[in-house]
Amino acid sequence: MADLKLTKIVKSYGDVEVLHGIDLEIESGEFVVFVGPSGCGKSTLLRTIAGLERITAGTMEIDGRVVNNIPPSERGIAMVFQTYALYPHMTVYDNMAFGMRLAKKSKQEIEDRVRNAADILQLGPYLDRLPKALSGGQRQRVAIGRAICRDPKVFLFDEPLSNLDAALRVATRIEIAKLNETMPDTTMIYVTHDQVEAMTLADRIVVLRGGYVEQVGAPMDLYHKPANLFVAQFIGSPAMNILDGSVASASSGKVAVDVESGGKATVPIAGTGAKAGDAVKLGVRPEDLRIAGKGETPIVNGMIDIVEALGEVTLLYVQVEGHEEAVLAKLPGYHQVERGTAISLTADAEQLHLFDSDGHSMARKAEAKEAA
Amino acid sequence: MADLKLTKIVKSYGDVEVLHGIDLEIESGEFVVFVGPSGCGKSTLLRTIAGLERITAGTMEIDGRVVNNIPPSERGIAMVFQTYALYPHMTVYDNMAFGMRLAKKSKQEIEDRVRNAADILQLGPYLDRLPKALSGGQRQRVAIGRAICRDPKVFLFDEPLSNLDAALRVATRIEIAKLNETMPDTTMIYVTHDQVEAMTLADRIVVLRGGYVEQVGAPMDLYHKPANLFVAQFIGSPAMNILDGSVASASSGKVAVDVESGGKATVPIAGTGAKAGDAVKLGVRPEDLRIAGKGETPIVNGMIDIVEALGEVTLLYVQVEGHEEAVLAKLPGYHQVERGTAISLTADAEQLHLFDSDGHSMARKAEAKEAA
Amino acid sequence: QDLVFPVGEGDFSWESYNEWAESAPDLSGQTVTIAGPWLQPEDEVFRSAIAYFAAATGAEAIYTGSDSFEQQIVIDAEAGSAPNVAVFPQPGLAADMASRGLLSPLPEGMGEWVAENYGAGESWVDLGTYPDQDGNDQLFGFFYNVNVKSLVWYVPENFEDAGYEVPESMEELKALTEQIAADGETPWCIGLGSGAATGWPATDWVEDIMLRTQPPEVYDGWTTNEIPFNDERVVAAIEEFGWFARNDDFVSGGAGQVASTDFRDSPKGLFASPPQCYMHRQASFVPAFFPEGIEFGEDVDFFYFPAFAEKDLGNPVLGGGTLMSITDPSEATNHLMEFFKLPIAHEIMMAQTGFLTPHKGVNADTYMNDALKGQGEILVNATTFRFDGSDLMPGGVGAGSFWTGMVDYTGGKDAQAVADEIQASWEALK
Amino acid sequence: MSDTVGTKSALSWAVHLSVAALVLLWLFPTVGLLISSFRTADQISASGWWASLSTSEQVIQVRTGGRDAARQEDGVFVVEGNILTDAEDAPGAVELVSYGVSSRAVSAYEIGETAEFGDGETLTLNADGTYLYTSVEEPGRRGQRVFVTALLPPDFTTQNYQTVLFSGTGQDNMAKAFFNTLTVVIPATIIPILIAAFAAYALAWMEFPGRALLIAAVVGLLVVPLQLALIPLLQLHNAVGIGKGYLGVWLAHTGFGLPLAIYLLRNYMVGLPRDIIENARVDGATDFQIFVRIILPLSFPALASFAIFQFLWTWNDLLVALVFLIDATGETTVMTRQIVELLGTRGGNWEILATAAFVSISVPLAVFFAMQRYLVRGLLAGSVK
Amino acid sequence: MNPALQGLITILVGVGGCVGYFYFSNQILDKVIFPAKGPKAGDNINRANQVRPWLFLFPAIFALGLYLGYPVFETLRLSLTDRTQGGAFVGLANYNQMMAEPKFWEAIRNNMLWLIVVPAASTGFGLLVAQLTDRISWGNIAKSLIFMPMAISFVGASVIFKLIYDARPADTPQIGILNAIWMQFDGGFGSLFVLQLLPTIVLLGFAGIVGYTTFLLVNPIIDREGRRAVPFIPLRLIGALLGVWLVWMSLSSLVGVWTAQPPYGEPQQWLTLPFWNNFFLMVVLIWIQTGFAMVILSAALRGIPEETIEAAIIDGANPFQIFFKIKIPQIMGTIVVVWTTITITVLKVFDIVFAMTNGQWETQVLANYMYDKLFRANDWGVGSASAMVIMLLVTPILVWNVYNARKEMR
């Protein structure tokens, strides 16, 4: 039950400015995920919200109250750390009760809240154990339980799952999603490296890069309508293939592109700005590529370099002339293909993305309409 | 250029037997991946091959030579550790040169080999750095480079990627795949937790469990023809859904199964052993499930619990009566479905797996034929 | 505390005690603290002596001993937490502290009393008189427990077995030394080791020899550095000591062993079987270090370290002693000093330990044994009594360069060089 | 690695042997002292302690009976008896090898042989110690001195311990000194650790200006020789009215022990995980609460290790106690001082020295063995990163 | 009152007072001065947090300043004044006087020896024991036994070693073990073996190890011409010089071993043998300090990642190469800390010399020299001057530590 408003948040360590004026509004009950490459300032931003780092400039408001100078414990937040940060010398119960004891809550209330959190996270049997006697997933649940007990207005997660193995990661992710539903009023802010986490959990994703916000939006918006090359490549895994090209012709609503490696593509674009000869970049997601049928104009012609058969899908790494990185195609089902065979790939026009030389996305027709 | 032969390898720590007689043959140049749940003995097996652990019983042969008592440095192996195990006080160059210096190679030869390895792994610019000035991925490359310099006959990897973040993991995985191709004579043995790594890298996968070998085979064989329930659930991600059921009728080549939760399925099975009333388990992979069309007998009826839209696929967690765990379906494309709606799922009969009450796979018709 | 000897019993001088006790004021509730170097078993004996003071006045008299007394008293006095009375093992430190204003003069009349009642009284007064902070001479030290240093210890039966006679003169002593060596035996046990104080026994040798080769005035000049340390007469005395100590045949273990053998260990050679040596020159307190069960006069005896017959210097006696000073005056302290004038304060000590006193009023029968009585007589009858010279020299010399110099000398260094060095260190202190 | 193939067993033997050799070398001096503490003064100065474990041949002096034991027969005085048992301090049953009556010839005669010497004196000594002594003259009060060469079996005594622990007033004093020492040592161990721990926490985890400077100062003060500080500080104690006493000695030990304590503890605390501390902060803990409820428990190994060191130092300290605690009234005394006092006039006596040294190390040793497991894993992480 | 009870009460009062200070001062700060309530709660908490470090540090700063800082200045003052002249300022006169004394220079020379030998030997033995006991079953027992001397006071240790060094006349049984062993030598083959061959091997081995270490230190500088910025060139050079000197020393002693005519059959006064007696004194401190070094180094060794060692095994390193090339470099930081601590102990310890020789037979060291001046000669000026010299000697270590602490802060 707390909305956050960040206005021109700047954070410097000594001379190094790490956050360069972040503006962000988060509504009460929203689940917001921060993503971005390592070192872009995700953790730092989260920590300034928590109050663990003092901001250098700007205003931070929680529920309309300026909290610039309020210590963490008074901000009504709870935080789950990447390393769990459990108190190693306390039992699970004590770990969860610690904050409440400090706040001088009654014994009964502490008991109730801990039990409640333990129920939610199925930690009942472990309450008397020390953290060292728990598995990784259980530890992470304790860390979350500890945060739940604080009954926070804002829940902060800093890469909570990155230390878990794949299976546990999936399971815990689902638990967090459930948690979000059981606590609909609690604002949640979540930092992650992981695509899947970001896509599945977020109401909105904030993409950070080098201390700036690149794009904010719902997961599917970022996936389908990346604002720029960076977001396009960052969101989606495997990453979008980017092909250099130039505009062959630009009629209203359609831009024909000559791909440098020889292919051609036509992209439906709201007819602004592009003119023939402009250098552009064509983006196409691996999962949108398919083997060009007869008579279809291929976007990419190349030679299969590596084949990875994953069972339900097959990954093809296609070596394309004049293109250093392999173009990746993700084809559904199992394909028996040989390394070294030539292949032509194409994709539906609606699935193509076009970026100008600055990396900004050219708005597609449909979107332009929407925007209008 | 080395084949390995492990005969009845037993390894005990004190009273605890960790490996219970492993038999395994690995051919020269093969890429073999060990997978299995945590604690199953993967690392231990790898370390006995390296000679870092003395085997308690059995014979280990490399290239036909019994190496039970040969120290690690003389087995012609190289090993890459999960934690990189770089020498923190030596530069990248020295890290790679250390082994050769000990072997009293000439200066020139050392220089050549290090350069060569550095070229392969693009480590050239970092040769003078200390490990602490490298990023995680670079460190892992140094560790691999160090192993390459040894020019080993057998290359051992113990979860080399698990400390890297997702993007790096993909990139390094590809590098290892390439390495395998540039060194076609070198036998590689690779331990991992990660499905994708195992599937993409392996010529053959060895599935271990509790110190026993459960199944050995090519990745797709394991995916399509798991020998038992354990392998079936272990290979493939998300894991195969397992439904309790009983045999309704068993005609030759076809077994009809009543699924406990109400659905029905018919599985083509070489007609051995199953008779009506037998308790069986029906396995179906999430990616094989689809929404039952009109007139199709659904295998599973349930209510959608959670929807995860990942862009190119949508994951549905379906709550099924009498079945504690949710049944997971992975549907291609984007599906706009509401939580709580009822849903019926089915799959092609060829994609179904049937296991007897001991968990052993019942051979499918086609396979039985093949085997015959 | 119970009194060790019930009042009125034995040969003790009870009358004077009783008389004093009657007139002594009631000091109940007051405490006198005394700090000194005596440790077991002397500390117990001393406590038993001051118990008589406590019994008479009601004041509590507390003695504490310490092996690092010299350092501690300086620290305590400087810092202002000194005891009432300090028992100094040597005058040098007392003089030093007096000049820094850390000592209080003894009560009026003490000086006269000592001059009258002590044998060679004036010299005891002189030894206890130092300039105070302002340079005025005052009596700061009262001597209590004196020892005689000019003694040679031997085992009569060993002499008997070998047919040796007790020498009467230095010439005879040297002849005996040579004869024993000629017999293939070892005449002397000499040990200079004493932990941090290693070397001091040699200074006693040199002082004793100085008194036997030079007139007392020269000795006095030497101790005050009017005669420099590297004067040829001093060097000659050092070399005379070397005649004994630097001859491998004359000392047990050889000359090399002299410096490091502990002085407390060295007399044990007398009692070894077969004996490692026949004679040991050491002060009157040395019986404390004899093996258990040794009986005076029977198992061991002493003779006077003789003078040269040809030099007409009489029978000089070298001695040492502890002196009491007031570091923190109080009424009870003054009364304690009064108490120490009484014979009984000396007799209680005499009766229990190797305690000697120049007090003429004591009953010599209370000495623990005849040997001590004999030493007491030597002390009272001395023609020339001189105090341990190194104790009179400034600490940096008498408890520093003189000690180390003697160690160097026994180690083979040239006597003149050693003396030059000591003199240099003395000059540095001025 | 323990189990790496190809580790040669010869090498592991060499390791075992060299460790054994080193341990023996290190133990040797202490063992010598321990054995010496069970021997009498005379034994110690007669033979090396290692010889005491086996039978040794020694020359001992005994006496025949004296005048009082003599009877007159045929004009000669005859004394009969047993030299091995008669006297109070007789050696008891030992095997005799030879004997003599003069210090010049201590083993002139065989056992059983009759010696003739002096003016018509004879002595016959038998293997069982019985003797027959005859003399024309009346014997002296103390009888004839006899040197016997005997094989002495190992012989140990607890007398030294009785002397040190229970002799005379020693018993009271030892008990008193023991409790006094504990009174000095326990706070002098706990207080500096407590103060150092707070300071170390501040230096490791709190932001304030001048932090680096303070750390530097702490390191610099590690080396100040303490002798210099004694007089000015005692003066100060007297001036502010603390005088000599427990408070003073605690303060002094605290001051002198602090730099090392802060140095080691800070290094340990810096290594604690930052996240835990921040989490506690989010949980609403103040710095004080973080310190008490999180840092202290987590630093326990380092605290325990330093406690052992500080305990050993204060226990073995004499100088500070002498200066700041022990006043002229002698009410307060500590173990070390008590022992030094015991050594006192008998300073040359090895047996008392040895025993006293053992008494004085017994408690530190007990403490050490009780806490050594913390030592082994404690400090480590801390002192070094 | 029962002394035990009295002690207990005193202890409780003392420790309780200390705990009380921290507790109540924090309570007062949080509850009274800057209460975390009301409208200014946030500001108050911030302000309280600015004050709090000083609350935490106050007792430590107070005690350090008073008990250590103040004496430093007092000493400096004393070293420039003369008490016999009523504390008059005399400039450097005390220093001059000290410099003029041969004993002072003897002390400096011996101290240098101590500063090299004791930390090196203690750390070396400590490391050796730590390494050897690391993997053997009875390692912990061995460690405990080697740690034991730490529990013995310096004075007690001196007593123990006096017994070891004791000498008796030649024809009587020796009670000092060292002489007892010495007397076994007679110039025959046994003595040749033990006194000449064995030392030769040890010396050659030592020279070899030192030489190799020196080589390792210098190698990166001369090798691969400046291809890499080699860290710590000056330190390496100093180390190398030291190494060369040590090699030279051991080789020249080799000559001594073969040319000397050992006085067989004569008990030796170990503590009076000039030059060598210094080493006999050092042995005592080494005996004590090895335990300390061992405890800390053994923990550091355990902290080395196992994998680096396994990697080295696979690389073909033998146990010695693993120890010297993999383990030692990784715990270099700890080694230096241990070295520093022991160096400081060496500088401050005087008890051993005091109790065993009191600086005679040319064994004087600075700390004992200072004690001598302070408490025996009562010459506070020179005593303080020598104390300043002791502190000066520590400056390099101090600078190094401060540098390290600053680096770590960043």
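A few notes on this one:
Order as written gives the chain letters A, B, C, D and E; numbering starts at 1 within each chain.
The definition used in the following text is that a contact is a pair of C-beta atoms (placed from the backbone, for glycine too) under 8 Å apart; a residue touches a chain by one contact, two chains touch by 3 or more.
Chain labels with UniProt names: A, B = sn-glycerol-3-phosphate ABC transporter ATP-binding protein UgpC; D = Carbohydrate ABC transporter permease; E = Sugar ABC transporter permease.
Computed from a prediction, not measured in an experiment: that's the story for all the values here.
Between chain A and chain C, the least number of touching-chain steps is 2.
Common neighbours of chain A and chain D, listed by label, are B, E. With centres computed as the average of Cα coordinates, no chain lies farther from chain A than C. Per-pair tallies of C-beta contacts place D-E first.
Of all chains shown, E has the CA centroid lying nearest to the centroid of every protein CA atom. In this assembly, the C-alpha centroid of chain C lies 41 Å from the C-alpha centroid of chain E. We define each chain's centre as the mean of its Cα atoms; on that basis chain D and chain E are separated by 22 Å. Spacing of chain B relative to chain E, judged by their CA centroids, is 55 angstrom.
In terms of their C-alpha centroids, the spacing between chain A and chain B amounts to 27 Å. Shared interface positions of chain C, i.e. residues touching 2 or more other chains, are given as 195.
Shown for chain A are the residues that touch two or more other chains, namely 71, 74. Residue positions 49, 310, 313, 375 of chain E each touch two or more of the other chains.
Chain pairs that touch, as defined above: A-B, A-D, A-E, B-D, B-E, C-D, C-E, D-E.
Within the complex formed with chain C, the chain D residues making contact are 41-42, 45, 59-61, 89, 102-104, 106, 141-142, 145, 147, 168-169, 230-231, 234-235, 237-239, 243-244, 318, 322-323, 326-330, 337, 340-349.
Of all residues in chain E, only 36, 41-43, 45-46, 49 touch chain A in the complex they form.
Listing the residues of chain D that touch chain A in their complex gives 273, 275-276, 278-285, 289, 293-294, 297-298. Within the complex, the chain B residues that touch chain A are 38, 162, 165-167, 170, 174, 177-178, 193-196, 199-200, 219-220, 223, 236-239, 285, 287-288, 306, 308-312, 315, 317, 330, 332, 334. Interface residues of chain A facing chain D in the complex, by the touch rule stated above, are 50-52, 71-74, 77-79, 81-89, 98-99, 102-103, 146, 150.
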